[in-house]
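This report concerns only the one structure given below.
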Amino acid sequence: MAISVNLITGRTIQQGVSMEAGKEKPAYTTACGIIELDPVDFKRLGAYRNTHVRVTSDYGSVVVKAVEATQGPHPGVAYIPMGPWANMVVNPNTYSTGMPTFKGTPVQVEVAKNEPVLGSLELVRKGCRGELA
Amino acid sequence: METVTLTIKNQPGLYLEADTITPDAFAGKKAEEIVDLPVYVGREQHRLGDFFDVSGKAGATPAETKIVVGGDLSRVKRIGQQMTGGEIVVNSNTDMYVGAWMQGGKITVNGNVDAFAGTGMKGGEITVTGNAGNYLGAAYRGDWRGMAGGKISVAGNAGSDLGTFMNGGEIVVGGDVDVHVATHAEGGKIVIKGNAKSRLGGQMVEGEIYVFGNIDVMMPGFAYREDVDIEVNGTKGRFALYEGDLGERHRKRKGQKIYGKLYQLVKA
Amino acid sequence: MTKTVTDVICPFCGTLCDDLEVVVSDDNKQLLEVYNACAIGAEKFLHSQAKDRITRPRMRQEDGSWKEISYDEAIEYTAKMLADAKKPLMYGWSSTNCEAQSVGSEIGEAVGAVMDNTATVCHGTSLIAVQDIGIPSCTLGEVKNRADRILFWGCNPAHAHPRHMSRYSIFPRGFFTGKGHASRKVIVVDPRPTDTASIADVHLQIEQGRDYELLDALRVAFKGEKLPDVVAGIPKAKIYEVAETLKSGRFAIIFFGMGVTQSIGKNHNIDAAIAVTRDLNEYTKAAIMPMRGHYNVTGSGQVWGWLFGFPYAVDLSRGFARYNPGETTSNDLLRRDEVDAVFVLGSDPGAHFPFSSVKKIYDLPSVAIDPHETPTTEVCKVHVPVAFVGVEIGGCAYRMDNVPIETRKVVDAPEGMMTDEEFLTHVLARVKELKGV
Amino acid sequence: MAEFLIKNGFVFDPVLGIKGDKADIAIKDGKIVETTALSSPKIIDASGKTVMAGGVDVHAHVAGPKVNIGRNFRPEDKLFTYKPGHGIERMQGGFSVPTTLRTGYNYARMGYTTVMEAAMPPLYARHTHEEMRDTPILDQGAYPVFGNNWFVLEYLKNHEIENTAAYIAWLLRATKGYAVKVVNPGGTEAWGWGLNCDNVHDPVPYFDITPAQIVKGLIEANEYLGLPHSMHVHANNLGNPGNYTTTLDTFKLSEGIKPNSKFGRDQVMHHTHVQFHSYGGDSWANVESRAKDIMAYVNSHDNLTIDMGQVTLDETTTMTADGPFEHHLTELNHLKWANADVELETGSGVVPYVYSPNIKVCAIQWCIGLELALLAKDPMRVFMTTDHPNAGPFIRYPRIMKWLMSEEARKQQFDAFKHKDKVIEATNLAGIDRELDLYEIAQMTRAGPAKSLGLSHMYGGLAPGLEGDVAVFDFNPNEPYAPDAIETAFSNAECLFKAGVQVIDDHEIVSNGNKRTLWVNTKVNENPQVMRDVKEKFLRYYTVTLNNYEVSGHYLPNPYVIEVDATQ
């Protein structure tokens, strides 16, 4: 069953460190290929911590690992660190300001246990070539 | 009044900047002169005639010149920019800056317009039969002098940032509007016949907003005053009057503080 | 043997810490240790030493594989791509020095490019707000020496600017703030109880996307006008209380970040926050400052400011500079198919733009200049690796409060690698040849 | 290097004392030489034209952080004023705050070759130098601000002139600065708390010192060092009705102090943009000109020079290190306000302003500036400026020349005022029939400012040995002319030579010149206490380290260092 949450993105220190260490490395995926959910939302989703989930918005879809919110509680709000995973689903509307609406995208989250979380380069490459599911 | 008819024959690879499509640029010219007016695609300068079939001739002055533009103009920018008189009819959707910094005359768009239509407008009239994009009748970036006069009518919906820094004139939207209406306004009148979302009248000093439909979220700086029975653009009814933005500075006239006024239709 | 370089400037974020110590080998070939930096800054220095670092330009082949090419070939490809385009986008410019930005600007002028920097997805909307209402601000030392009210709105320095709180904002003991943290009241506004919020005196857990309303409510409260019972999820009593806390300080500072620049309303959120700051100056002293991200995004805005008059989104295509975010901004240009080539330097739009924009870059002729392998280099036709600015080459950078600092070179780049400035200088020369100027 | 002979022009040169006589001017190896020194010069036929030395601007805000705030926060200032690149000229933009390229080109078009940036926040010195580097043609220097600097406040509280001087020498070297600038002494530090110093005796919060002590102490320290320029002050209480008394009080602080400089200046104080400091009345309703009182003082005290700060009746952008004033201004006109306080040093503010001929106060301000110049007995001590861009953009200098040289032009402007009668009543200008001649203009724009800067050995005249900075204008002073012809001719030099390089030929910019940055390197005796204080302040209060403070040579690709020895 899918749940609806309000997605925001932003920096984390792990995102920063792993980005500087190389976005092609697995540590970057570990840091950013995740969605932080509130315990309440985990309950609604009916999923264990560290399960892969598919996050879908009007603008795209991506598979990431669901982890418990590190800076919570924030029921109803989900957090994907800034990076290519978040950017598969964020609202690109700039309202003619140049700025996409990176924060505040309504998304659906559903369990996707057997789907892989792709590395950043592969995710973007496959996306550009139309090879993503 | 003389009429010049333009029909687009070649689509630009990117977008066509055609701020020369104005009665001001055409006035006193024959079709064979009009085709030589410059238009731009990126850094390349072209002739208007490279993209348009041109027929008819212009009047002696802008006021005596009518321009009818046809074909798919969705990648043409700046039609009617800075025009001072005359008339333009656009029979298509068209791109940004329609009638921006316009001072007089009339533009009718039988279709949609993209963002920044009527930017910094001083006078004249813009009528859009379809929808309008963001920043309709707003100020240019950084300018505290937004729409100062004239009238903009949109039959359909309008985007966000309607009438930012508006100082005068009138905007009528037949449908719904997106967020931010009359932000920083110090005058003018905005009529929204459909629904509004949020941030109406934020940082508003003075001016009037009328909403016939719903408002999702009211600004905390707007306070309900009273119900009033008035007629707005042909619609008679009872409106709830709110004043604001209470957080913003306001002038005093005859000892009374003047606020921005937001009227919401209660009962037609 | 080793030696220690002191007063090293960290080329990661806009905090631009300048007190790092870096241990290097005597021959300047190896960087061994980094002191005083945050985890991210240290990683940036250390990553320059990665054994698998790409040190030569490469070009994408038909079959999708990379082929190593020479710098000369990369210069030729880049110059031709830019010279042939009707309206190229030259994006990035934030992780490089002002010297490179200056040469890049001249290229942009010669080819009629749109120049945009990472502010476009970061503090661009702040710049719009500043153009609409101004910005009462100050240097970070004013905060350190005077501020007793610290408000973080939609920013999380504990994660994004890790040394900000200790160097400038919460903990330091300054001239008039001798008690450090104890002399300050800290307020955090954020929809999450962030790690920054955990050390604050007050956390307003705002309903996401209602910043404009809450800021307006503060202004209403300053004036003693009536508020609705709840605004943005915050009870009015709390709003009045925070308004009073701010007014009663001797020097209030508001730091703000992506929480307001990227949420709905965008520039208007900043505009309202600046209006709050203006209001506070009628009661006390107050300033406001954007928490700028890349270490020299501020510098690119300065360089373009004095050369073109605009801090980002500068359209040079008609032979003069024009500006209007919404039209001349990267994501709008890409979304609307308004550019026909993409050049990226000192940024990673592949990772940080919405995917729909990334796909457009993939579809166009494109070059990425970056020391790292990134999602951007992955989608571009040519990748040109360069020396790390601030590590392997010095140059000017502007801190988040616009203070310019000259970054230092601490270690040699791998043999034969070009710097940004060198590469751009060659491209400029070749562009001029191609254009016959 | 090329040789040039500018033949048969009507020459106006206060240095040689030539008042419009026909003369030939020779340039060789970058300098003015005797005509006999030339062998095969390029001949410039200047017959029927006006020839002057390159103009020298003693006070303009053209480079640095607040100037760039003005650019970046006013996109509307660039709307429809763009100029594409052309020939060797790069693209240009901006009206009241032009880009650096337009700044260089437009000064050159007016025949100016030297322009001083009037306020450099020391912590932002690199920024100022980066902008000057990217300003073509002009020789430039920048004045670091000292009047609210914590070192200065602490030293002068105890009248420690030697320590103040040692610190000045250190800071000029660290920032590659040219002179000692003072802006709203003490008031900008007070603005750190949202306060101000309203007069010369209003104490600075916490620091226990008055503006008078700061100004007097800095004059003394300046003369202790013997710097090329004098202390350069923007007094307290700028822009307020009734402020002329504060101005006179400030002037008086220079009394009894003799210039000690080997650079040929006679003044110990330069007071800038005096127009903004010459208001009588006690409110905007009754504000009036006090230019007569001000000029009575200036005319009778020769250790003082001033500049005008002439209002040009344009929409412009005000910017000053006088932080509290800009806050005051935004509260008056409600336009956008930028403020930038700088730790331990200074502050600044920026606000757009529209000087409308329909507003009485603006018209009074216009009168006052002109009165200052027209009441001047010695044009060598009263210089033309607009405090660019504060009272108007520098491109209006030729228009100011027109107003100064033509009573008819002033009458035309009076007639265009909405409140003409009230303006005439509140000012003296309508009763002044003086018309300046080009010789006096050359004193106010060339020889005077060059001398005041201590640069009369380089600039401001056409004597052999001076820099080859020469302008030729298409203007015949011996034939009848309409007032507007002055503005047209002096806006658009026919030829300009900068350090012997022809920069303008037939009204076209043909070279980006060889711009230099002037700075003053002062040798002082070792002062361990000051160096200890510097180290301590950097350790405890600054947010950059001492080792990251000094501007390296990298920022000044073509420096011109003026050496001063103050060890004796």
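Each chain gets a letter, A, B, C and D, in the order it is written, and its residues are counted from 1.
The rule we apply is simple: a contact is a pair of C-beta atoms (placed from the backbone, for glycine too) under 8 Å apart; a residue touches a chain by one contact, two chains touch by 3 or more.
These numbers come from a predicted model, not from an experiment.
Counted by C-beta pairs in contact, the busier of B-D and A-C is A-C. If each chain is reduced to the average of its C-alpha atoms, the one that sits nearest the average of all protein C-alpha atoms is C.
The mean-CA centres of chain A and chain D are about 56 angstrom from one another, to the nearest whole unit. Distance between chain centres (mean CA atoms), chain B to chain D: 44 Å. Chain C has its Cα centroid 22 Å from the Cα centroid of chain A.
Averaging Cα coordinates per chain places chain A and chain B 39 Å apart. Residues of chain D in contact with two or more other chains: 73-75, 77, 335-336. Contact of a single residue of chain C with at least two other chains is seen at positions 128, 131-132, 264, 318-319, 323-327. Shared contact sites, meaning residues of chain A that touch two or more other chains, fall at 95-96. According to the touch criterion at the top of this document, the contacting chain pairs are A-B, A-C, B-C, B-D, C-D.
Against chain B, in their complex, chain D makes its touches with residues 73-77, 79, 334-336.
Chain contact summary for the complex, chain B toward chain C: residues 13-15, 17, 40-44, 96, 115-116, 134-135, 140-142, 144, 165, 179-180, 183-184, 198-199, 202-203, 217-221, 223, 245-248. Note for the complex: chain A touches chain C at residues 6, 8-13, 15-17, 19-24, 59-60, 69, 71-74, 77, 79, 82-84, 87-88, 90-92, 94-104, 120-121, 123-125, 127-128. Across the complex, chain C meets chain D through its residues 6-7, 9, 18-19, 98, 102, 106, 109, 127, 130-142, 144-146, 167-168, 174-176, 250-251, 278, 281, 284-285, 287, 301-303, 305-311, 316, 318-324, 396, 398, 402-406. For chain C in complex with chain B, the touching residues are 85-87, 111-112, 128, 131-132, 210, 212-213, 216-220, 222-223, 225-228, 231, 264-265, 268, 271-272, 275, 279, 317-319, 323-327, 336-340.
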